[in-house]
């Protein structure tokens, strides 16, 4: 029961994060919202395991936590330096730099 | 490995040798050594295919259980007359084109890339052989992708000379991936109602499935995917650019073997997996495949007549020839299918030879060539051009060449099936194909403005003349080819 | 590359645990979700994180280009090697039953080796992909000339 | 089972997945942008994966990792294996496609299909201006 | 029941993301949305008992693919030029027709399929039971997916490894290779790869 409630809470948080991702207003709001979406899904997967009676699949959550971290980091680096390489790729004047540039 | 072990594992070796030599070739930075590996790999695969062909001459068929798991639980390789025939044609042509690839490929790509290029070359050979051997519908998808991705690499290698090769590669990749995904959707639907992935098992289970709509849709999507890969009109759009902008050596490999595997798979799906649904496949053949094949024949031929770039011209001609093969399968009698297999073999030799000759010109001229630049080449390179001419005449179907045998059997099959109108159309398109060949021949022997000295590319003689003589040989003594194709057709149709 | 000490320390702290998690996924694949492919991606992710924070050149010092190429080739060779070993021991291609005296044990060895091959190739390829993409220099290719 | 309506309700998973597939396919066919085509391809393929996994689902079943407990129902592992392979193939396709897009952008300066095609036609004409001198081309 | 509701929610999310992808013109959000699509489908795989698949999809679709797209985005224009639907219906009509026809065909077939989860459906009774049975009794490996992947269908996995290898090879040739021009390479300037290229 408790896990079910937790799962429902995750769903609510997911929707809220998505609303923020849609509304913005800055690119960083969206980025944080996408990150939060990932986090709620990590939690959701972990709780889902308990609800379904197979809690040993927490591995997936750990994996996604790692991936989410690296992914967010890559996005930030792209915003910051304009590329993922040492020289930062080409100059990207059209990339959002704190100002709104999302959807 | 002892000889007995090799004999026992021939079906796996045909596929595994090229695939396993490929990573080794990728690590070798020396172009010559990598080429040696490619020759060894394709040569060994050719030998295995010859031995396999020998093993099925008596009309037997056997299957090879990978990992010793019996089907339908494991994956099996099917060795019977059709697969042995197709794999023999493909590995033979792959071997011959590999022989000449050294000079031709190095003329067009950087030497430092050669190791990886030969690795991709071996992957394409192994992937296409696997496509033919496998008896599992999902494993077929994996091989479809191996061959597609490696072909894309090979095509994109042409970017060193012409940036349009990149677009050709991209289009082939995306169109091919969509085709493969359509195929996978079809397999998924069939799996959902049969629970099996093994071709033989499927053939037994499909007639008993109550949900006929699912079977029909599954069949349709599988066929749609394969039609894309086989470059049947109107989904042939990737083919002309891919052949034209790839390095010449790659064009000859792809033209000789790439679409043949997909055509074989098409025959396998229609006449083997879905043999238990003759109404459905008959309808699909008569009202879809035959019209598309005829469309391909005419569109390909007419576009070839108006094309000025020699490689693109040959590519359009390939679209037309693929149409002939599809048409022959569409007749769906034993004689028709046999005609299809005969033309698979002959067209591989014809197009292989023509593209090898074009590569020889390209090596000499050092650039992509259109017809005007070929003026007078017949006088400067008589030996190469004679071989080119033999293959070209074979393409048109002149008596005493292999192409004539193909046309003969196709015409006989059409007569037998009483498809007189289609017969007339085929003959008309054959006459049209003389037009584009004549266009080339005229240019080749026109006196050139400058009297350049005779210059040949002797390194290419051996493979080129193997193919040219093959065209003559199978035109005069077609019995081995025809017999093998007949056996293949008999086995596919169940000896009807 | 990035001077932020927090990031550098975080990366250093995370590097080893990610790889250990990858190895866990690799060898625990028989008992839980995971296997060579997933492990390969995770281990490659550790190296990608390293390259993101300390720069591509540092990443290349850690895994030089030739080593990377060898990784992706050797994985395929190990997988195929297990198959060939099956043939040599009078079995069929990829037949693990003959690898040990007991068929069940042979299957265990076979699966372990094969998964290792998968892991090696995938690690190599993912790393090579990241380095090729992030280190791509457009200007080098812009000069491609048609003929 | 009971009637067509009940049947549709029981297959809703399939129906939504088919809509997703076609959405992905639509992006691949209709879009001009080469990157968006690849994204569409990835979505198309992922939707097909969901279809396969739905086929393998067993009501009341659990993940096909055996437990010591009493009689448990397990979902069908075969589609899972197939899709593992297909995911890998998908990422391979995406990576190769992206590499080609980068090279196309370097060579043509555009990643819009129609613009690049227009440039192709231009490139097919003789290009006397550029000459054969490689010196300034590097 | 919880599984049923979760499934519904996730499917709705997927549709939502797909619509966003079609409508968004900036490529950067499109790429991030594609990652989110993968992630949501990974959650869906967990719900449909495919934990191994979820594991892979999360690692590959949401992880590696997104990072690769991001790395590529550094060089590419960030916005789509006039999308075809803005130019009028004529530009998207053929695609629309193809998709609708294909979709209707699939729907016609899907209605006939055994319902999701039906334990008597052919896939559950034909081949798979042997895997579930033998994996425990003969191979002694609890994860049946691993057994099938590496042993029963080991050849598929061999092909899969070869595909990955091919992709790696292709990207090395294309992005760190020497295809620029054969002539540059021959004129002695081989191997200019800016320091980071593959030097093997």
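A, B, C, D and E label the chains in the order they appear, each numbered from 1.
Note that in this section a residue touches a chain if its C-beta (ideal position, glycine included) is under 8 Å from a C-beta of that chain, and two chains touch if they have at least 3 such contacts.
Treat the numbers as computed from the prediction; the structure is a model and nothing was measured.
Visitor: How short can a path of touching chains from chain A to chain B be, counted in steps?
Guide: 2
Visitor: Smallest number of touch links from chain A to reach chain E?
Guide: 1
Visitor: Counting only C-beta pairs in contact, which chains form the busiest pair?
Guide: Chains D-E share more contact pairs than any other pair.
Visitor: Based on mean C-alpha positions, I'd like to know which chain lies farthest from chain E.
Guide: B
Visitor: Hey, how far is the Cα centre of chain B from the one of chain D, in Å?
Guide: Between these chains, centre-to-centre, one finds 26 Å.
Visitor: Roughly how far is chain B from chain C, centre to centre by C-alpha average, rounded to an integer in Å?
Guide: Computed value for the inter-centroid distance: 34 Å.
Visitor: Please work out the Cα centroid separation of chain C and chain D, and write it as a whole number of Å.
Guide: Inter-chain centre distance comes to 23 Å.
Visitor: I need the residues of chain E touching at least two other chains; which ones are they?
Guide: Where chain E meets two or more other chains at a single residue, that happens at 51-52, 54-56, 59-60, 63-64, 67-68, 71-75, 77, 106, 113, 121, 123-124, 127-128, 131, 142-143, 145, 149, 151, 153-160, 162-167, 169-172, 174-175, 180-181, 184, 196, 200.
Visitor: Of all residues in chain A, which are in touch with two or more distinct other chains?
Guide: 52, 56-57, 59-60, 63, 67, 70, 74, 83-86, 89-90
Visitor: Where in chain C do residues touch two or more of the other chains?
Guide: Residues 25, 31-34, 37-38, 42, 45, 48, 56-57, 69-70, 72-73, 76, 80, 83, 93-94, 96, 129-130, 132-138, 141, 143-146 of chain C touch two or more partner chains.
Visitor: What chain-chain pairs meet the touch criterion?
Guide: Here the touching chain pairs work out to A-C, A-D, A-E, B-C, B-D, B-E, C-D, C-E, D-E.
Visitor: What residues on chain D touch chain A, complex-wise?
Guide: So the residues of chain D in touch with chain A come to 62-63, 65, 67.
Visitor: Applying the document's contact rule, which stretches of chain B touch chain C when the two form their complex?
Guide: Residues 1, 5, 8-9, 12, 16, 19-20, 22-24, 26-27, 64-68, 159-164, 367-368.
Visitor: For the complex, give me every residue of chain E touching chain D.
Guide: Chain E residues touching chain D: 7, 11, 14-15, 18-19, 21-22, 27, 30-31, 34, 37-38, 41, 44-45, 48-53, 56-57, 60-61, 64-65, 68-69, 72-73, 75-77, 80-81, 83-85, 91-92, 94-96, 98-100, 102-103, 106-107, 110-111, 113, 115-119, 121, 123-124, 127-128, 131-132, 135-136, 142-145, 148-149, 153, 156-157, 159-160, 163-164, 166-167, 170-171, 174-175, 181, 183-184, 187, 189.
Visitor: Which bits of chain C are touching chain D when the two form their complex?
Guide: Residues of chain C touching chain D: 31-33, 37, 129, 132-133, 136, 138, 141-146.
Visitor: Could you pull out which chain D residues touch chain B in their complex?
Guide: Touching chain B: residues 21, 25, 28, 34, 37-38, 41, 44-45, 48, 51-52, 55, 78-79, 82, 85-86, 89, 92-93, 96-97, 100-101, 103-104, 107-108, 116-117, 120, 123 of chain D.
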